[in-house]
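Here's a structure for you.
Here the chain labels run A, B, C, D and E in written order, and each chain numbers its own residues starting at 1.
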Amino acid sequence: MARETNPRLQKIKHLLQYVSLSIVILAVWQTLYHLGYIKPIILPPPSKIALTFWELLNSGAMAKHVGISVLRVLEGFGIAAVLGLSLGIAIGLSRTFDRLTDLIIQVIKPIPPIAWIPLAILWFGIGEKSKVYIIFLGAFFPIIINTIDGIRQTDHKFVEVARILEVPRFKFVRQVVIPGAFPAIMTGIRVGLMVAWMCVVAAELIAAGSGIGYLIMDARQLSQSDVVLVGMITIGIIGKLMDSLIKRLEKRLIGWKVSYVGD
Amino acid sequence: FANEIRIATQPSPFCASILIAKHKGWLEEELAKVGAKPAIKWTSFAAGPPMNESFAAGQQDIGILGDTPAIIGKAAGIDTRIIGITASGPRSLAVIVPTKSGIKSPRELKGKKVGVVKGSYAHHLLVLVLQKGGLTTNDIELINLSQADIATAITSGNIDAAAVWEPLITKLESQGAVRVLADGTGIKKGVLVIVASNDFVTRNREQTKAFIRAYQRGAKFIKANPKEAARLTAADFNLPPEQLVKVLAKLDFHPAIQADDIEELKKSEAFMRSASLIKAPVSIDNFADTRLARESGIR
Amino acid sequence: MGTAGSLGESLVIEQLNKTYRVSTGDVPALQEINLTIGEREFVSIVGSSGCGKSTLLRIIAGLENGYAGTVKLGDRRIAGPGLDRGMVFQEHRLIPWLTVEQNVAFGLNGRAPGENERLVREHLELVGLSSFAKAHPHQLSGGMAQRVAIARALVNQPKLLLLDEPFGALDALTKIQMQQEILRIWEAERTTMVLVTHDIDEAIYLGDRVVIMSSRPGTVKKIMAVDLTRPRDRSSYEFIQIRKGIYAEFFAEAEKPFAYAI
Amino acid sequence: MARETNPRLQKIKHLLQYVSLSIVILAVWQTLYHLGYIKPIILPPPSKIALTFWELLNSGAMAKHVGISVLRVLEGFGIAAVLGLSLGIAIGLSRTFDRLTDLIIQVIKPIPPIAWIPLAILWFGIGEKSKVYIIFLGAFFPIIINTIDGIRQTDHKFVEVARILEVPRFKFVRQVVIPGAFPAIMTGIRVGLMVAWMCVVAAELIAAGSGIGYLIMDARQLSQSDVVLVGMITIGIIGKLMDSLIKRLEKRLIGWKVSYVGD
Amino acid sequence: MGTAGSLGESLVIEQLNKTYRVSTGDVPALQEINLTIGEREFVSIVGSSGCGKSTLLRIIAGLENGYAGTVKLGDRRIAGPGLDRGMVFQEHRLIPWLTVEQNVAFGLNGRAPGENERLVREHLELVGLSSFAKAHPHQLSGGMAQRVAIARALVNQPKLLLLDEPFGALDALTKIQMQQEILRIWEAERTTMVLVTHDIDEAIYLGDRVVIMSSRPGTVKKIMAVDLTRPRDRSSYEFIQIRKGIYAEFFAEAEKPFAYAI
């Protein structure tokens, strides 16, 4: 407020800063390639990556791969959301249920999705089911853990109010506990979706014939490092977009929260 | 009759024969001759081990894979039998070194980093090649890598040599990146097999035979028209037809199991036991069902 | 007015002792409290921080169970929360994602829906917030939020309303308005009121009696009757005299080297 | 408080609940195996898994694999902690630096570690370096993101105090910003270590000859599903232990926090 | 005492206007404030919530920059924070992970280490907390924490101390003790004091003058001189009269339908 600055100029400056480092890196990389310091087999130049990207876009292959991967992710994530939320709420509400499940959840949680691939194939075969299962595993734990936490963090002050007013448990859970857990649940949903998306590569290691993870792993078999990079960057960009989207949704859905904290 | 046959393949030229039968529609023709009209479900696996998992899950009826993964699967308790030989070709598997490498003989592999897919038939070849140079796997640094990573690792100089199979040999050779130090000639026949789940064979013996006949037609076609065969299947293997022709020339497609195939399989099995790749022995005589091909009228 | 009211529904506390068990040992919070609050009486409780005022109110509300002694409302021993007692806290404790209306209806359970609506409407009118029925708590000022909390506590028509520093967070002006409001409600609803406050003026302005507590452990030090007619004048001689008396009680205690005790 | 219960009995009951579901599942699983409903190739029975576990423990193989994996994880995690903390603090403190790096971080973050394997091999070869790199990638983002968040959440009230007292920026950062960010940083460290541990399987897909990830993937190639399960369970147990350990450390280090919240 | 003190280091506020720019439009917070506070004077400011008391203090402290008008301390126009002005907030704002000693030393910069120590020691003595030098904030009671905050604000020996409801969260007894404490400090340190409070008794008890502000936008409504000798008796006739006057000012404003404005 002290310095008198043109807000418009400021905005442009910020925007420039936002992209400048990326541009510098790309430029240096391209130059190093032209100077022969970077062998294209080790790291193809940005120009080549851009070209490959463009070709994949143009041929419609990229849209197909991304589309299939997104569908898989949504499917696995959807199941994880339903199960994670309902189990999370149940565990959050019942200490007994929590004690019963805690050990299993704690031990299964650190097992990475790729380690599940052999069992996934044995249990669900090599079709869509096993891929969805791998993605499900990735999304499930962030959702359930955050849901449990959210439920647990129910403000004790409201518990007292409900006790004094003899509010029936079900009404209390519906009107206070679950809405109160909502911000934590949203965080779980957001992290869960991100992890689900990150699991797509692992999932598509299973006998896939399409999908963005398949694109990368196939290109890897064929030593096409440009395609590998295009695949990686695509995952990165879509991941970022998903995250931004959910964050925006989150803000809109829990508008009361901002005001409440400042209350 | 089963109303579905599930066939597992790999994106590798040794599957050329069955894929030609697929493209030409011969499998359906042969099945129709025995009065069956099943749906055919094709699945391509990156390697033998995941195909084994799929067989274990009861999701495949017939599959094409190397002899070693087939034996591993059998040893692990997957209920399958060998119904035929996919192909053999001593020159289709080799120990390769970078073109500029100083290694001229197997003996010089001593102390070197050698990449191989552990438990693959190239692993067996490597042991045999080392034997020729008076070495064992203890004399080298054995590095377990997938074929894809071997290609990367050998071109970027991360490993000194590798035991691999086609089409990687031809691919890397044509790039001028590697040369062959030793191939299977005289030491390993390089047998790949067709396995089928026992359950499928017992219930659908006629269809199994029809499959073998279709396979044989594909095999004959490759011998007669290698260029046409290469053109037909190049897309399946993501390989330029010129290179594929070279690879196909190294492979002998012959579904009927011969006596020397049995010998070869027995050697493989012995090797795998000695390398602790399998815990329980596998009886090759029981595993390989030589009658099916004979009953199909193929020798 | 004056001492204990009619017998019927009076709150009787006899030989009440309460000790909190914490990891470092036992904390005696209340010791030998004897207090009878008559039906429709308005009793204020003052005392320094930590002297157990909230603990006492929480016991009456039924939120604390492990105590020794007798606490009875009418002839029922208090063993847990009940709709015969309402409570308002220092923080309004409105549920932020429910509207004013829903917050008030939160305590209404097991009635016919039409009756629910009527009761909510009536009580919002009582606290003068009918036009804010659809607002959310964050849209209210501190005083308005506190009034909603009062409406919520009253909607079940409790016999006894417990107020734990309900106006502590409000500014001087709003506070005075709220004091008048609570008097009006008390007169309209005929509820027994027990008010904990730090504001001695407030205690005198509102209470029929002012209970002064001493701290660690909390005991009833003195009970002062406020025999002034309402509305009371805070600047009147009698008012100031009572205030002086309470301050004196306070400072007798303050002689102890209080500052160096945590 | 209302119900008179024996706290000792209560504790035993809780302990029993804690393990009971696991025991029931194991028992049902074993029974189904004996009844022939579960083929051992699909899912070996608990007895077989326990036997294999015991053999691997006894032969010292398990200790070797776990030891090597833990070393790799600590190495990758260590680098991630150093880089994540220092970059995170720098970005948290400087809006300009943040704008410069934000896009890159946001796009690289969603790329899963396995997708990096091809490039890791190209850049770092097939030795330890590429494995450590994969683990590093896993741990880096949770650490940097949480550090940035922690720094950003510096209580504005303290900023005002420092402004009024004209506290030099460096002193303010050292005495207020960094200690204030400490809880968030610890969360980052904890999540980072967990993710690093989960990345060990992906990392050991690269030409490994030992390690718990190698154990799983090797067993997979050899169709030894009992060993696969033993590997998975080991990862789970060690992951849980790591988590509990850091949580305990966290509690000890930020003792002031509990009291502060209640303040 | 009385009106503006000596010229030398007095605080002069002339035609001060402050508007907050928010997404929904402009919020006028202060309008045409004219106020001169003499050296060593003790001025209390009262006014209902949201009338701009904190805003005024923040402008004097240098925490708010975008205002119109003149605010000068001595002959220096206030453009930012400075060590000539200290501030104490309603919440103590002690840094929880630093000890009492470190919290007080937090504001001491660019002095010789020996001097630092001496100043911290002296100021902890001043607020009577020498024995708590090594304690952490969470080990202190509310009043003690507030005293540490005062020591921290005083350690740089500012000419002007700004107090924004410093005792608002304390209980009645502690509050009265703190009021006596602050008077003692004021006499010992010869600092000009500006105190914002919601407690009208407190404003009269402490201030040489009481500034009454009206709200939305905040203006100075009236300034009342408290010409009573210290120590003052809260129950004295004169005290009560002044208080009555301030209440009257307040309620003149409250006649407006305040309750329905957020």
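The criterion applied here is as follows: a residue touches a chain if its C-beta (ideal position, glycine included) is under 8 Å from a C-beta of that chain, and two chains touch if they have at least 3 such contacts.
No experiment lies behind these values; they were computed from the predicted model shown.
Common partners of chain A and chain B, by the touch rule above, are D.
The busiest chain interface, judged by C-beta pairs in contact, is A-D. Here the spacing of chain B and chain E, counted between their Cα centres, is 87 Å.
Averaged Cα coordinates give chain B a centre that lies 85 Å from the centre of chain C.
The geometric centre of chain A is 50 Å away from that of chain E, both derived from CA atoms.
Per-chain CA centroids place chain B at a distance of 40 Å from chain D.
Contact with two or more other chains is made by residues 53, 56-57, 152, 156 of chain B.
Multi-chain contact residues of chain D (touching two or more other chains): 41-42, 118, 122, 220, 225. Residues of chain E that touch chain C in their complex: 46, 48-49, 128, 131, 139-144, 170-177, 198-201, 234-235, 240-241, 243-244, 247, 250-251, 253-254, 258-260, 262. Across the interface of their complex, chain B is touched by residues 41-42, 118, 121-127, 206-207, 209, 217, 220-223 of chain A. Residues 14, 17-22, 25, 41-43, 96, 99-104, 106-112, 114-119, 122-123, 194, 197-202, 205, 213, 216, 220, 225, 228-229, 231-233, 235-240, 242-243 of chain D are the ones touching chain A in the complex. Considering their complex, residues 49, 52-53, 56-57, 72-73, 75-78, 115, 117-119, 142-145, 149, 152-153, 156, 158-159, 277-278 of chain B touch chain D. The touching residues of chain E, when paired with chain D in their complex, are 61-63, 80-83, 85-87, 89, 91, 93, 95-98, 102, 106-107, 109, 136-138, 152-153, 156.
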